[in-house]
Each structure stands twice: as C-alpha cells, then as structure tokens.
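Below, subunit A partners subunit B and then partners subunit C, in two separate complexes.
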Partner chain A sequence: MNGKNSVISSRVEALYRDYGKRAKELKDEGKTLIGYVCSFVPVEMISAAGCIPFRIRGDINEPVTKGDTVLETIVCPFIRSCFDLALKGKYDFLSGIVIPHGCDSMTRSYSTWSYSLDLPYAYFLNIPSVVKPASFEFFAEEIKTYKKTLEAFIGHEITEADISQAIKLHNAYRNKIRTIYDFRKSDPPMVSGVEISKILTVGTSLPVEEANALLDEIIEELKTRSEPPLKTGKRILVDGACVDHAGLVKLIEESGASVVAETTCNGMRDTFPLTDEQEDPFTGLARRYLDKINCPKTYRENRAGSFEGNIADRFGDIGRYAEHFHADGAILYVYKYCDPFGFEVPARKAYYNAIDLPLLWIEDLYSSGTMGQIKTRIQAFLEMIEQ
Partner chain B sequence: MAEQKKKHKKRRTATRAAASIGPMVKEFIAGTVRAQREGAQKLAYSFIVCHHEEILRAMDVLPIWTENFAGVCGAKRDAERFLQRAESLGFSRSLCTYALCGLGFDHWREELGEMPPDAPWGGQARPDFMISTGQILCDPRAKWYQAAQQYMPDVPIYNIDLPYPLYHPDRDHREELPYYHKYIVEELKGLIAFVEEQTGKKMDYERLWERVRLSDKTWNLIEATYDLRSAIPCPMGTGDAMNTMVPINFMMATQDAYDFFLNLKQELEEKIKKKEGVVENEKYRLLWGGGLPSWFALGDFNYFNSKGAVFPAETTYRMVAPIAEMNIPKTDDPVEHLAWRWLGYWTFWYDKARQRKGGEPDVERLINYIERYKIDGVVMHEAFSCRTWHVGLIWQLHQLAKIYKPIPVLRLGKDGNKTQAWRENPSLVLESDIIDITSYSEVDTRNKIDAFIDTLESVAKSRVD
Partner chain C sequence: MADYFAGIDIGSTMTKVVILGDEIIATVIGPTGVEQRRLANKVMEEALSRAGIPFEDITYIVSTGYGRINVPFADKQVTEISCHAKGVSRLVPAARTVIDIGGQDSKAIRIDANGRTKDFVMNDKCAAGSGRFVEIIADCLGVPLQEMGTVSLKSKNPASISSICTIWAQQEVTAGQAKGRPIPDLVAGVHRSLADRVVRMARRIPLEKEIVLTGGGAKNAGLVAAVSHMLQTALLVPEEPLITGALGAASLGRNMVEKAIKKGISLETKKRVLDVVQIL
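Right, the complex of A and B next:
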C-alpha cells in the first residue's frame, strides 16, 4: 500500500512533521516524558520508571537564534539546534532531560541545558571512554546511580523486573526496525531511505509500546507493498553522526540513488545492537551501550598491532552492513565542530578504500541552507560511481 | 609567514621567573630530541592534567607534551604549515588546532624520516609510546593519538580513562565517589602495567610516593604563591601566568617545579614589599575568567597593561587547588592518593556551589576569585577550535551578571546594618583561536579592549558617584 491510507505516508508522516505532537497529548494525559540526546542514554531505565523517553531532535529549517544567546557557536550545530528548540519551548512537555557523556558539546553544555531549561529532573550520565572490564563495572554502577535519581524523581522503586521488561520491549523495537531494514535488501528496495529516516525519527518520540505497535503495522504494510517506492539506482550507505531528518536522504534519492543503510547515531549504530536479556540487567545495559554501540567517542584498543588491522576492527561493522545491503557507495556525513567523528575522517576514508567502496565525505552544518551545495556534490559523486 | 614572524615582538614579562620560562621550555623540548638520540630514556606523548606525571617521572619516562609543542608553534607564529598539512590529510580546520598542528607535524616528520625543515625549537621527537586520555574533559585527547597511529602504526597507545562526577545541585557527589575512585585506581594501575611493559622496569612504589608528596607540596606552594597576586598593586598578571603555567602543567612532580615556585614566591613577596606592580598606575583589576589564550597574541596582555589594567587571577591553566581542603582520605597507596586527588580537584567547588541558590562550581570559582582578588571586570576568550574549555562561558557570564548587577545593591553587614554597594562587573569576550592565527585580528581585538576599558572607566565613575 503506497497510497494515502498507508501508515507510513499518513501516520508516520504526521508524527514526523509535527514532532512531539503525541508527546504533548501524553503529557496532557498525565504522563511523564524525559528528553534525551544521543544514543548513549539507556532509555530502558526511563521506560522502566514508567516514564516515556523522548529523543530531542533539531530542526534544519529553524535558524538558531535564542540558543546562541547562551551557548557558543562553536558547539556542534546539531546540539545547538536541539538546545535552541528546547529553549524556544518546542519541548515544553518534558519533565526532565538526560544528557550523556557523548562528546564535549554535550558534556560542556550540560550546565547550560539544566539551568536554562530548569526542569524538575536533569541527569548527566557518565559513559567511560574505553572498553575494559573495569569500565563495564564502573558503567554498571553509574547506571545504578541513574536509576536511583529516577526513583527519587518518580517517588517509587524501579525493580529489576521493571528493567528486564523494559529491556525486552526496547529489544523488540530494535528487532522490528531490523525487520523493516530487510525490505531494503531487494533491488530496488521496497522501502525508501526517506521513509526509513522518518520511521527512525518518529519511533523514538513515542512510548516504546506504541512505537512497537506502529512498527508492526508498518511491517504488515510493507509485506503487502507491490511496487517499490524508488527506481533502481545506486545503493548508498550513509555513515556519520545523528541525521534525524530526511533532508539529506531525500537529496540522495532525488538524485536517482537509494539509501539502503545508515550507520548513523539514530540509525543502525543505535538500533541494531541488542541488550542481552540473559544477563543481569545492569551488566547487560552496560555492555550494550558501552561496547555494542560503535561510537567514535569510545576508544578501542589497537589489538591488531597495525593500522590496517585496527581500522578493520573499528569499522568492520560498516563493511559488513555495506555488504549485507549491497551498497555501491557511501557518504560520510560529518558535522562541523564534531571532534569524535572529525578526527576519524582520514581513518574512515582509509577503511572505505580498503573495502573498495567509493566514498564521498561531506562536512556540513545542521541547516537546510547548505542542501543546495550538497546536492551538487552528491550528484557528481553518483555520476562518478555510475561510470 | 616569515615576514609575520620577523615582525612579531617578544612579550614583556613582569617577573624574572616568567622570563626564565622560554629557555626552560626550549630546553625540555630539545631534551626530548636529545634523549631520543641517546636512547637512554623512553619517550611518551602525553597530555597535561592527567595526574599521571608522578608515575612517568618515577619510572624515568620523559613526557613529550604535545599540547605544549603545538602552543610553541603557535607562539612562534609557525603553526600554519602544520595545520594546512593536517587539512590536506582530511582533518577539518574546525577541530582542535593543537591536535591538527601535532598531526600535521607528525605526518611530515614520518614522511621525511627526520624533523620537518626549520622545526620550531628543534621539533617534536618521535615517541616510544603514547598516553591518551578519554576523560570527561576533551574529546581530542582520546582521538588525537589514535589518529596519529595512522602515521606511526608501530607506536602503542594506552588510553587512560579519568572521569569525575558532574555537578548536580540536589545530590551529594560523595555518594558516587567510591566507584569513581575504584575505577580511576584501576586505570592508573593499568597505566603502570603498560609503562612497565614498555620500559622493562618495575615500578618502585617508594619512589612514586616521593614524587606524589613532591607534587602535593608543589600544589600547596603554587596556591600560596598565586594568593600573593591579590596584593594591590598586583605583582604578577595573567600574561606572566601563561608562562608560569609551564612548571604547573609540564614539570609537575619534579624538584625544578617546586624550586621555580619557591623563587617566584620570593620574587612576588619582594615586589609586594616594594609596592611594585605589573603597571605603574593600576586602575583596573581583571579576571581572566575562561578560555585558553591565543599563544600568538600574548602581547595583548601588555596592551591591557598599557591601559592600566592588570590580571591578578585566571582560571585557565591554574590546575591546582589547596590539597588540605580536599579532605583526601589517608592511604598507604600512592596510586589511591592520586585518584583521590584527581576527584578532589574536579569536585573542589561543588560544596561551595551548593551553598548558593542556583550555584554552579565554575561560576562559584569565578565569584570566589572576583572577591578574593578584588576584581573589576572579567575577560574571557572563545577559541573557535576548542569545545573543551570554551563551551559554557557565555552562560557563566550570564550567571555572574545576576550577582554583579549594574545597579546598587544592599549588603547586610555583620553589625546588622545595610550598606549600599555597587557590584557591577562588566565582561569582555575575545574571539580567536589558540594557535590558528588566521582567526585573529589585532585591530578588532584591540578595538574591543579599548571599548571595554571605556566601560570599566564608566563603571568606576558610577561607583564613585
């Protein structure tokens, strides 16, 4: 079903366009919503607390104005946009925020966020920078502190059973996203990159149970879809930080290609790894968020002893996804002032070269104003890989 | 660039101690190159403010402070060629320019197999290993050496994780300290094991204790020395402190650092006795309230001085706090002590911040310095390439403005009487970079300083009125 009764083109589209619409309704119903940025926040704990995790997104069409009066312009443009919207009241339905140690732009602006928004609950979650036995142990303790602060906020205990149940629900969500990704394997894919971008964005703005029900409907719809939404074209993997809007993917697909995978912070980097349900929940969460989320912020020891071996270890998941989804090329999309990704650009370029996957590297601002220039570069890149 | 370098004058210092720093830095950079040639000591790329100097010194490892070398390139106005090389490799100019300078230099040196031509002060030696650090302080410190491994794949890295709990006004951070401490101890022990493997030597823990005690003693001495700057007229400003930061940050755990501050303290005491200030007619006392300096434009401090303004205090690079006030638990283990000191330093202002409604540690420190050093205005610097030290500064100034209002306020004295006081404390934010000179305009900067001085003058007049 591709028509106006489609879940994707009606419900997903509406929730995407009016981001936070459902959250406002839930707030009016007396629910408690906790906002967060970055993939590093264990949303399971928020759900286990009986609250609703809500991923704060930016808006590429909204110029940063109010935010610039208190936050420096050298902050990552994505975080600036999120903060600006929050300050302008776009997320007034939130009762709290969780900001993790995802990067300097998040960490150093935590005070600015927490004091400027002055929400009843604010928590900075410390994430280790390395992956070692001691760092898992530390992180599990930090998650326990995070749990305690949530308990103090909601006024009751969060039991291990609550957490285990939330882990199951969020794992189910991630499995359903994987199922939707399977519809991309065909050529042309049976679900477009733009549709996936919107689904990913919308999914993290809903209570996990509602998101799961919505994904079930989407899966059913895709099963019955008879016509692919795109023509056959070059298959592109998008790599980089958080791309929580469909603008970039739309440019790529309007240029005749299909986006078939996103190793981005709100894409497969976040949605593919699962929490081990057999482990003690704190250990399971610590492992998922610290080790399985492959973020450049986390330092991984060079066990290979060579540069080639090291990049194969660090970026091997990208290569596997590229192969799985039959990518013909990749676009590395990095924001200006992003130190974690920025310092990896030469190494990532070397990796793409090693796996023989053509790459276009774009450094951008989080703004619709740059999309024209980017489109020209994308078109040139697609022409190059056509040859 | 050569023309620019030729024209660049050396900055005037107020103290003999600050003037002695240049040759000292030159010598320890040259010393690392010499040590590499002689092969007697292992060399380690290192970052400042990791509380691991004691470990390195106790194991006879010679640190190569890569941020320092980048700063030297900046101060000599010779960073641009290394920055351009890093850009050509695919690193964006928006990233930390210390790191870009280092990466550009390393790539060039590795390509040539020798130092790049006319390398500042003989260049930066190739390390035997690198100690990076992913603390909640600086992303580039976790990424820089990893990126450098692309050009030096045979040089191993130990990444030491050094977190500390962030401030939450409604929570006592002490509840979290045990697991933070345990983790940091593990990390420091991991570093010791790594260095033992790299050097083939075992750690002598008695020797480590000696180094730790020496550092603690130096920390207290630095506090006592810098407190002398509260004198009127001020005997030493931030311009000089950007030199004296060298023993604090690059020479800690050495007798030389301790002796340096003994001499500086004596010099400042003499100046105070003679009422000898940085400027002859001290009009304004300013706080350097945040941001790393533009190393290529330290002469701007002299420009402030020429207007009768002096900086008795700065938050930048004053990476020590009074040990006695940290309540460090007693321990027989020097590694445990280092971990407690790390946490003590980063949480030092937390309790004080909690005592003020809406308080925050960074702001509390500013308030403390404003009062302690009798400050008339605050100057900050926004370096475009560094998020670590330059995010949150505008917000801090907003918070300060709530306390130091441009209106008279009533103060309740100990005798119960109310007196009217003017507490306005204007601020100035300079914009440029740490070493990227292309971001700097001397004319614009000095126009801003002139306008700020006018504001200070106007505020001073209001106070008199």
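Right, the complex of A and C next:
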C-alpha cells in the first residue's frame, strides 16, 4: 500500500516537509514545548514534566546566514544550521531548550543559544565524557538537578511515578522503531532507508504518545505492504553523527542500493538502547544515556589492553548491527569540524577493516549543495562492492 | 564481423572517446567546453570516422567522467573510478595503483590484477589538488601550459610554495616574481606543492607498485618528476594518459555484454543516432 491511504507517504511526509507543523498547533493549544539537540538529553524528564520534547533539526537546503553573525565557522555545520533556523524564528513555538555536553560545538555555543533565543527555560546538561563508576553517580545527581530546574519552570513537582511512566512511553517508542527496522531484514527490504529517515526525524517532533500511535499505524501499513519499495541492491549501513535529512540516504538509494541500518545520532545509536524499567529511574536513566548510547564523545577505557581489542570493544555494536541487517558495505558520513567523529575516523576505519566490511568515508558539509559532489564517490563505492 | 565497443569520458576539461575492437581502433580527444551534449556527438562522430565503421556497428557504449549523464547515446553510465581502474589495468597489467590528476579533481585507486577497484580516494572540492592549479599559475607567469613541465625541470632550487589555496599560492608566486626568483624555480615549486597535495591524499590508501599516473597531469613531465620524487619510486605513464577512462569504459562495456550473453539476457541499448541536440 503506497497510495493515498499510506501513512508514510502522506502524514509522515507532511510532518517531515513542514517540520514543527504539529508543534505549532500544540503550542496554540497551550502546550509547552522544549527543544533539544543530541541523543544525550533524557527526554523522559521533559515528558514527565508534562511538556513536549522537540528535537531541533537543521535544514540542508537553507544556507546559514543569520547564525554566522554570532557563531564562527569552526562550529560544526549541523549545529550552525540548527542554531540559524532557531534564530530565524523557525522554532518560535519553543518555551525552552536543553543542550547537553555532547560535543565541543554544543558546549561552546550553549551560551550563545541561551542569550540569543532568550527563552524562559534553558538548561545545559552536564553529561560526563568518561564512563567510570563515579560518572554514573555524578550523572544521576545531574539528572536530579535537571529535574529540579524543570520543576521550577513548570511550577509543580515531577513525581517518580511521572518519570517511570515517561520511561515506559519512551521505551515503547524505541521498541516500535525496532519493529519497523525488522521490515528491513528481507532482501530487498520492505521499508526504504528514505522512509525510515523521515520516520526517525518526524518521530522526535511529536509528543511521545502521538509518536507511538503514529508508529503503530506505520507498522500496520508495513505488515500489509505487498511490494518492496526498492529493487534488490547492495545493502548499506550508514554510520556517523546526526543525519536528520533524507538527502544522503536518497542519493545512496537512487544509486541502486538500500540503506538497511544507520548507526547515527538519530538512528540506532539513539533508538535501540532502552532504559531499565526495574531500576530506580535516576539510575536507569543515567545508565542508558551514559553507557548504552555508544557515541564517540564518550571516552571508554581500553579494557582489552590492545588496539584490536579496544576497537572491537568500542565499535562492536556496529559489527553486530551490520551482521543482523546483512550489510554489504558501510558509509561513514562525518561533518567537517565534528570533533567527536572527526577524531575517531582512523580508529573506525581500522575497525571496518578488521571486520572486513567495505567502507566509504565521506567528510561533508551539512548542505544539499555538496550532494552532487559526493554522488560520484557513492556510485564508485557501489560499483566497487558490486563487482 | 568483430564486435566494437565505445567508451566516452567527459572530464571537466577534456572529452575523450575510445573505440575498441580486439585492439583500440580509434581515439579522439577534444576540449569539453560548455556544450557537453553537442560535443559528445561531435567527438563520437569523429571517432567513428577515424575507425571507419558505421555507428550501428557499436555493440555497447559506456559513458564516464563528470559529464557522464550528458551523453544521450550512452547505453550505461559508470563512474570514472571503475573506468580508470579497468583502462589502466588493460594497458599496464602490473599496475596496482592509479593516480589520476585531472582538470578539476584528482584521485588515487588501488586495483587488483583484474583491474577491479579495491579502494579509492578522491579530492573534488578544491582546485589546489588538480590540473587547474597549474593552469592558473601558468597563466599568471605567462608560461604556455604545455611548457610548464619542461620549464620546471630547469630549476635547481625550487621555490617553496606553502599556501594550500590556489589563489593564495598565486599571490606567493607573484611575490616570488617581484623578489626576482627565476621562473623555473617558481614553476618547480608550484609542481612540488601540487604533487605534495596529491601524494598526501593518495597515501590514505596503501600505495602498491606498479604506480601508474594518468590524466592531464601525467602529460606534465615536471609534475611526474615531482610526484615520483615525493613517493621515492618510479612511476609509469601510459603513452596517452588521457584515454584510460574512455578505454576502461569501452572495456567494461565489453565485459557487461559478455556477462549478459553468458546469462542469456539481452542488454538494452540506445538508438544509434547522433541527434542534433538543442541546447537550452
């Protein structure tokens, strides 16, 4: 079912094209929306506060203009694009923002965000960059402080029951995303990478209950889908930072391949790990965000004692996902000036080499203008793995 | 009747056609210009007339290069990476690395004994790693482009050009001229600078011998010497380094047809006419 009744080609498409459409309506209905960037913001707390977490995205088709008057170009192009849109009023429905210590570009631009947007609520979330026993204790305390600031903002208490309920809802969201990913396992996949990219982007722009209902409809639609959206082609895993636009994936799929997994900030890195519902909510959240989200910004000690063991330890999840979704090759897509990923490129390349998965590394700007330039490289890479 | 295959490589600066029978039957090289589609027809016509065969005798046509989508009569498009790999392997079977310095980009490709790509790197965002760099400096010094190589080889003391931007390097050259540095030293410095950038990019893939240099850059003896000096190894340059992409395209076309015959399927081909193309 790809016609008029398709949730994916109508509702998801509309929410993707006019990002924030639903948020504007909710704001008009009197709801409070809090914007965030990065996978490291415990969105559960925002939901528990009765507010709506809204993931701020950039726009590859919109040149950064206003934003560059206050942020230097050493800030990564993704964060600059997000900030530029916020400054131009695209996210005027937000009442607050939360920015975590996710990378240098976020940390060092936080003050600019907070004074330029001047929102009633702004919080810088101090997530540790090292995973050690003390880090968990620290971060659980930090989550409590974050909760207190939200309480002060909304004017009432957030109970443990509220948090537990929010954890359940967000876990349910993640489980539904996994169910959608299951439709990729067939060859050709029954859901395209472009569709998943849009679903992932749209999903974090809605209240979690609404997102869950939308995902249920999508799952029903996929169950009855009879024709795969793409022809059989090479199966590609996309690895990298936040790819909240379908541009790159579209380019890959137009070249005859299928994107079957994405270890990106808005992909599996964020949507696959769950919060332990049995644990005390602060410990559970601290563990999920600090340890289970496998981001290069987090330093993990070399427990293996060797380089080979270390890269297997740090990137083992990529290999497992690649195997699970039968990937034939990977594209590591890194933005220029991205400090966490940029520093890690050689180690990641070594890992792909170790697991014998062909890799294309692309360094790019967050702009549709460069898509043509990288097209030849993607096509050459596909020709290489097809021969 | 022998089977004929054509490869057409539309680069940023030059358009190349190779017609392949058992051997190369004809090659044509012409400037790309702004009207790519019209020129594709013209060079194809010229190649057919040199080969002395009618258009309909061409079994399969593969286009490549950055203008590969602008060839209305091509049956298939393949990237220049795969085509250079194949073309070089055909000319130099011992080749394991191809370094191509083109008009607007440069690339390095690791290949196997069958001319298949194993890995590649490409520089396509900056003119400083391409032939355009030499063109701009030639223009600025008033040295004809085709003499740049020989002029540079006269230098005993190459100037050091440290800028990694074409425009700033041009300023450095102008400043050197003002200080009275001999032109050969400046030209040699420019070649070293370009070679340095190309080699730094190429070293991202393991460089295995034999290393073959292709593209317009391979026609410049000064640049070949500079790259060879930096890699501390001899380089091989095909007799006509511009045609490896087109040759590879034709050769891959032959492989595709042979594969299709084996599988018992027929490949779709375009009508063998060179229509007058309207440029909008």
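By our rule, the second predicted complex is superposed on the first by the 387 of 387 C-alpha atoms of A that agree within 3 Å, B and C clash if a C-alpha of one lies under 4 Å from a C-alpha of the other, contacts with A are read in each partner's own complex, and residues count from 1 in each chain.
We adopt the following convention: a contact is a pair of C-beta atoms (placed from the backbone, for glycine too) under 8 Å apart; a residue touches a chain by one contact, two chains touch by 3 or more.
None of these values were measured; they are calculated from a predicted model.
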Superposition on subunit A - do subunit B and subunit C clash or fit: fit
Partner chain in contact with A:N266 - subunit B first, subunit C second, else both or neither: neither
Comparison of subunit B and subunit C by subunit A residues contacted: B
Which superposed partner A:G342 touches (first subunit B, second subunit C, both, neither): first
Subunit B versus subunit C as contact partner of A:E383, first or second or both or neither: second
Which of subunit B and subunit C A:R108 touches, first, second, both or neither: first
First (subunit B), second (subunit C), both or neither touched by A:T275: neither
Partner chain(s) touched by A:S47 [first = subunit B, second = subunit C, both, neither]: neither
Vertex subunit A, arms to subunit B and subunit C (CA centres, degrees, nearest 10): 80
Where subunit B and subunit C come nearest after superposition, their Cα distance in Å: 5
Subunit A-touching residues of subunit C, taken from the complex the two chains share: 66, 78-82, 116-120, 122, 124-125
Parts of subunit A lying in touch with subunit B, wherever the complex brings them together: 69-72, 74-76, 101, 103-105, 107-112, 115-116, 122-124, 126, 128-130, 132, 134-135, 137-138, 141-142, 145, 149, 296-299, 301-302, 305-307, 310, 334, 336-337, 339-340, 342-347, 349-350, 361, 363
Subunit C partner contacts - residues on subunit A that touch it in the complex: 370, 373, 376-377, 379-380, 383-384, 387
Sites on subunit B touched by subunit A in the complex: 89-92, 94-96, 99, 132, 134-136, 138-140, 142-144, 146-147, 149-150, 153, 156-157, 159, 161, 163, 165-168, 171, 175-176, 179-180, 182-183, 186-187, 190, 358, 360, 362, 382-388, 390-395, 398-399
